[in-house]
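Next up: some structures, all given as structure tokens.
Below are two complexes that have chain A in common, paired first with chain B and then with chain C.
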Partner chain A sequence: MPVALRDPALHELILGFLGAGALLAGLVLGGFSALLSFWAGWRNSAVFVQIGRRAFYAATAMTVLAAIVLETALLSHDFSLAYVAEHTDLSTPIALVAAAFYGGQEGSLLYWTLILGLLGSASLIASTALGGRVAAYAAGILASILAFFLFVLAVVASPFDLLSVTPPDGLGLNPILRDGGMLIHPPVVLAGFAAFAIPFAFASAALLAGRSDAEWIRHTRRFALVAWSLQSTGLLLGMWWAYHVLGWGGYWGWDPVENVALMPWLATTAYLHSSQVQEKRGRLRAWNLGLVMLAFLLVVFGTFIVRSGVVPSVHTFAISAIGPWFLGFLFACMVFSAVLLATRARAGASVARRPADPVSREGAFVLQNVLLVGVVAVVFWGTVLPLVSGMLGLERVVGAPYYERAAGPLLAALLALLAVGPLLPWRRAGLPTLRALRWPAGTAAVVLVVLAVAGVRSPAVLLGIPLAAAAAATVFTEYGRALLSKPRSVLVRRRRYGAYLAHLGMLVVAVGIAASQGGQQEKDVTLAPGEQVTVAGYTLTYTGSGQRQFGDHDELIAAMRFGDRTLEPSRAVYAGLGGQALTHVAITTTPLADVYVVLAGMSEDGRASFRVFVNPLVTWIWAGGAVIILGVVLGNVGERAMDAELARRRIPITLPA
Partner chain B sequence: MAPAADAAKYASDPGVVILALKWGAPVAVVAACVGYLIYSASGGTAEYYLTVSELRHHAQTGDVRVAGVVQDDVHRTDGGLHVTFTEKDASAAIPVEYTGTLPDIFRPGITVVVEGRLGADGVFHARTLLAKCPSRFATQPYTS
Partner chain C sequence: MSRRSLAIGAVAVVLGSILMLSLAWGLQHAALSNPPVLGKTAPKLAIQTATGDEVRVWDLQGKPVVLNFWASWCGPCVEEGGVLADGAKAHADVAFVGANNQDTASGFSAFEQRHPHSYPAGPIVTGTYQSYGVAALPATFFINSDGVVVASFTGPLDATTLDHYLALIAS
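For the complex of A and B:
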């Protein structure tokens, strides 16, 4: 019936049904893959390993199909789908229509599932060297997680629900999401969340199969590193976006949504460091497995609390029915991890060698781990306090002061450790180490004196910047020593020197955070045209206002002169959304600080109200973030030398089951 | 080598005690510090998160956050930087006064969370004002 097929209504129905069908098929294939793979692992059957793995690839292919269908529906403005009608309209720019794929609850879950399938498939293809059982169990766990997400998508929160009446136009994307940041931040941070499932799958598989040898460490570490890098990038992009769009002058608000993205990142940071103790010294196996599992559990926990609306947050998703399902999934994952760790991890705990001194590289890693897990605990408690106190009586909440007071000292201790840790030798540290500490200690002292003389009185700055300088001195000492004696070693042992580069990036970020937290200044003013305001020595002149019209909104613009630059903070009004207003911040960067201007309002007589912030060194945060990623990439691309080293060190090949 | 035998030998070794003292004690001290930081910081900074009627019934001395719906009597002065309005929930209402930048979606009818304290004049003096929209990532869904 070619005529009927050209009927747009039928065409749209086909898209909706095709998408829902793909999700169901994916669910069946995922469940099938999970069953077969666990069976294959248990019976050590090579044939079933193959079939289970292929079923996983097939489930991934179905997810890809569903994603293509949703994207097609969005781009063709198919408003018969509730998701399309609720998240886009005809006036939304086309790039943002495409981005609406992950802009809402259901679509973002589909995107997450898509990334889980793709990264999971990649990890399974790369894991053939691990041997039958570990690979089989890993495939089984990944397939179970994939099947859970596909179940939620197919049954509870489907992006392919049809509306009974197709509206002529959609509701449109929330104006605050109509921004270039929408194109980069959510996909990266959601991919990061999805990626934490892979190290979890391999850690659990190693425990199930009773293995944690060098090949396994390499594999898990590589995927933990992928997840960590994605999450680092996602967090930084989120901070950058919040800073440039939200107009409150900051980049981190300790909102539950931000906290739950930070916690798995912290746990994985701890793992990436402590896994070296296992690689080099054969210790901390159970602890490392626990950290990998913790990171994934924090992801599931975070998804639950953010998407079920159980804690107050400024960016809650639309309330939906997925909360209880994620709570059940979280519970299942916790029981699974706890039972595995309790029954299987002790098998690897026997080490006959004499324990190292606490003052040693091992000790530094352990301290760093305890501090990082401490920061996780601080953030976790701050996030769940409303929930816990609400159950016991009146709801209580904490804000930035809590996090600053509780996490601040821990972060300062971590900075100090960044200065000391890399200089400590394995096993035990003697007097030569103390001599090595003279450079970082001297640098910290000099920087502290300079800051104090310059009149800085903020404790965050006086503590953070000297410690960061000390840690930078440590990095430069290490680089200097290598370049003076064996310049090639920087290339050969690139993982080590890449990590130092990442440390350096982290220090630059730390300086940016300390300076902007400790040195921010703000002022609210109402000015008539021609009047001036001075904040922290920066003078701005209000020159006048104007109006501009765009496709989906009108803008009221106030111009301010700053030196030879013109700042144009504005307020946009979206007529299509009941006149919802949106602030456009104007930011200009000088070498020492950002001048950040928000237009608060305008009165009939031409006077305009502004909130002006001066934020010292915020650009250091973005620059440092780029250096971190550069260090991770340079240190791990084409990194082969490590295999030989691991083989030489002979990490025990098997654990008793 | 048999790790089980190793473990047995290791368990009888007096080194275990030294290990526990050398490693366990510092770790326990750091963990205790973390616990103390969390305890003292949350005790010192946690604020009650109340509805307007809860605020009416529980006299609070410190800062609190109060959630309620903005009524129609919004009055802006000082170029929009100073605002007064009435915040109300199902059974109680309170006048609120706030100076600063308002959220973009601020208007009568939305739910806001104000942070500050109730003055002796019966007016709630807000230090911060957040709009609590039902969904930041989605517009209102179609109701069928």
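For the complex of A and C:
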């Protein structure tokens, strides 16, 4: 009815109803797809596989529609929707209004579901080579997960709930989220979280269908790599954002929400390495399946932790009505995985053979896996301790020192393994291998001596940097050997050499972390204009203060001169939010360290209080992160096309078993 | 099934049960973990009721306080209104205060006509809701007779939850 549509109130209601309707339709289609796909897998029916899959695509299409409706409502300031009123206001810049889509509980769940639907559809389209039954079961599991999320969205925490009275303006976005980081960090992390469901679905499907062979590994690895890359990027962006916005001089606080994002990443790092043992040597099948499932269970656990508010954290969402539903979902996923692994993994297990020599590539991968799972266990225990102890009436909480003491040695051992592992041959290492170790060992010794002579006494630096240097020597040895003998092999075996590049990036990150953890210096000072402060050899001069006005906030700026640069730390006051204040950090980067200045306060007489940090080598973390991603991309993009090309020319790309 | 796999299974079931139990326990106690004011003296806040009286939270010391943040456009705030009214009636020794925020004057008075508060309620005239870390409505803070915030809860209260928190601030 065109007349009614022109009525603005009705027009707004239509958005709410359209969105809720799309979610409901998606839920029905998702449930339908799950039932049909499981049936198809059980009966091995090609027709039902097709229908089930198409129902999944249709459910995804409904999710896309709901997402478009929510974004439209946000951008048109439709405050009749509770979600829009609670997360935006008229003064919020438009890019952040758009980002409020994933800024709150309900919207971020919708975003999760959207990514799950899109990546799930892509994985199903790519799954035809796996054979009917695996693809059917995978579709069934993906559809079940999708249907669960759509159920929560449609029934428990709908972003399309309407307010009885439309307010003139909304509550606005939390000032801490009013930052460029808001535009990139949450969507990448949430997409990473959603992506872990795909390897899980295919691992479970392989077990259900009794098929866990090489083709399964290839398919699962590809999507595990997508999830891993998204999560790596998301973690780094989160660290970068925390460092630039929160103003405490650090980038990682062992906050429960950081921990739950780290754990699936660690488990998947383990899987990406151990899957090679299965690919090349046919071993560790059940273990690989277990790791993929563990990564997803950790994601569901993390989602529960973040969204129910059960542990104190800076990230938790406000309202916890969905907590019990996610707890139930976690329980169902745990039971499903455990039963599947207990009853089906043995069937696909490798035939008993002589165990591999402990000093071999296999041995290195197994040790690396044990260490990574160890780090997961440490982080997991620290995260659930407040709950387990709280249940017993003890109320224990652990902080950064626990994590550093417990995980530090494991991480150091992992660095050492990065130096040794790539040099070990498959099956058994002989004397030539030991000779190859002279380069990394020599490098570590030289770097250690140089650091000691330079007066470095921090254990983190003295342990971390020589080990990282040793591992870098290993990477360069491998590159050098390849380039000197067969330069083409770097291109032909790109997955391997891409992985080495990623190793190199990881080492650069490790050096940045060791140096900034071990070498950070800070000073609190109160200065009158013209006075100076010197921290770790860097001298800053306070030149004076000033006011500046922006659209949604006012800033009080205290200028500091540093060489020929001017640093402007400030305090922003958001009038629209009842005068909430936020610190804006000023950071300048020199080749060796970041100078990081926080304006702590300003008195009537013009004197200003500052907290000045000198953080050595923090930029190495961001640079190393970029190298990791570059390595993964160069090593894997177009890998399939390369395989086909090599197969055509009959060049073997894997070692004979 | 071998003895070894039985043992592994048993350990897995025990650990899994402990995990699920502690997560469920966490869910029951979730709201205790919210904003930065917990355990600290309640930030200064005063409201003005429809009749023009000013109620200052910091002047209520000596009496436990239930401070509820609400708005006229907030559906769940209406939902919990009855629970809070019953609570105020049953606990005459506890001061209930309704802080109206992010609202318009007409919205507030229209709401008071439709669902009048049985205890002092009105727009904030001193202090801010941000000082309490309120990010979503409704949000309720439980302040003991020493003026310290003991607990907070975000979302609509039910009678059991309200009683649980009232017990925490009972003098």
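Methods note: the second predicted complex is superposed on the first by the 635 of 657 C-alpha atoms of A that agree within 3 Å, B and C clash if a C-alpha of one lies under 4 Å from a C-alpha of the other, contacts with A are read in each partner's own complex, and residues count from 1 in each chain.
We take it that a contact is a pair of C-beta atoms (placed from the backbone, for glycine too) under 8 Å apart; a residue touches a chain by one contact, two chains touch by 3 or more.
These figures come from a predicted structure and were not determined experimentally.
J.: Since both structures carry chain A, what do chain B and chain C do when superposed there: clash or fit?
T.: With chain A aligned, chain B runs into chain C, so clash.
J.: In the superposed arrangement, which partner chain does A:A608 touch: chain B (first), chain C (second), both, or neither?
T.: A:A608 contacts chain B only, not chain C.
J.: Quick one: classify A:A321 as touching chain B (first), chain C (second), both or neither.
T.: Only chain C; A:A321 stays clear of chain B.
J.: In the superposed arrangement, does A:L163 touch chain B (first), chain C (second), both or neither?
T.: Both partners.
J.: According to the stated criteria, A:V398 is in contact with first (chain B), second (chain C), both, or neither; which is it?
T.: Touch status of A:V398: first partner only.
J.: A:Y251 contacts which: chain B (first), chain C (second), both, neither?
T.: Touch partners of A:Y251: none, neither chain B nor chain C.
J.: So, A:A85: does it touch chain B (first), chain C (second), both, or neither?
T.: After superposing on A, A:A85 lies in contact with both chain B and chain C.
J.: Looking at the overlay, does A:A406 come into contact with chain B only (first), chain C only (second), both, or neither?
T.: first
J.: Touching A:Y497 in the superposition: chain B (first), chain C (second), both, neither?
T.: A:Y497 sits against neither chain B nor chain C.
J.: Does chain B (first) or chain C (second) touch A:W216, or do both, or does neither?
T.: Neither: A:W216 stays clear of chain B and chain C.
J.: Between chain B and chain C, point out the one touching more chain A residues.
T.: It is B that touches the greater number of chain A residues.
J.: I need the one stretch of chain C that runs into chain B once the two models are overlaid. Options are 38-46, 56-64 or 92-100.
T.: Of the stretches 38-46, 56-64 or 92-100 of chain C, only 38-46 runs into chain B after superposition.
J.: Identify the residues of chain A that lie in both the chain B contact region and the chain C contact region.
T.: Residues common to the chain A contacts of chain C and of chain B are 82, 85-86, 163-164, 167, 171, 174, 312, 316, 318-319, 386, 577, 580, listed in rising order.
J.: Contact residues on chain B for chain A in the complex?
T.: 3-4, 6-7, 9-10, 15, 18-19, 22-23, 26-27, 30-31, 33-34, 37-38, 40-42, 44-50, 54, 58, 65, 76, 78-81, 99-102, 104-105, 113, 115, 130-132, 134-142, 144
J.: Name, in rising order, each residue of chain C that touches chain A in their complex.
T.: The contact residues of chain C facing chain A are 5, 9, 12, 16, 18-27, 29-31, 33-34, 71-75, 78, 101-104, 107, 128-130, 135-137, 154-155.
J.: Which stretch or stretches of chain A touch chain B in the complex?
T.: By the definition above, chain A touches chain B via 82, 85-87, 103-105, 163-164, 167, 171-174, 176-177, 247-248, 312, 314-319, 347, 349-352, 354-355, 357-358, 363, 366-367, 370-371, 374, 377-378, 381-382, 385-386, 389, 394-399, 401-403, 405-407, 409-410, 524, 526, 571, 577, 580-583, 598, 600-603, 607-609, 611, 655-656.
J.: Quick one: in the complex, what on chain A touches chain C?
T.: 82, 85-86, 161, 163-169, 171, 174, 304, 308-313, 316, 318-321, 323-324, 327, 330-331, 334, 338, 342, 384, 386-388, 390-391, 577-580
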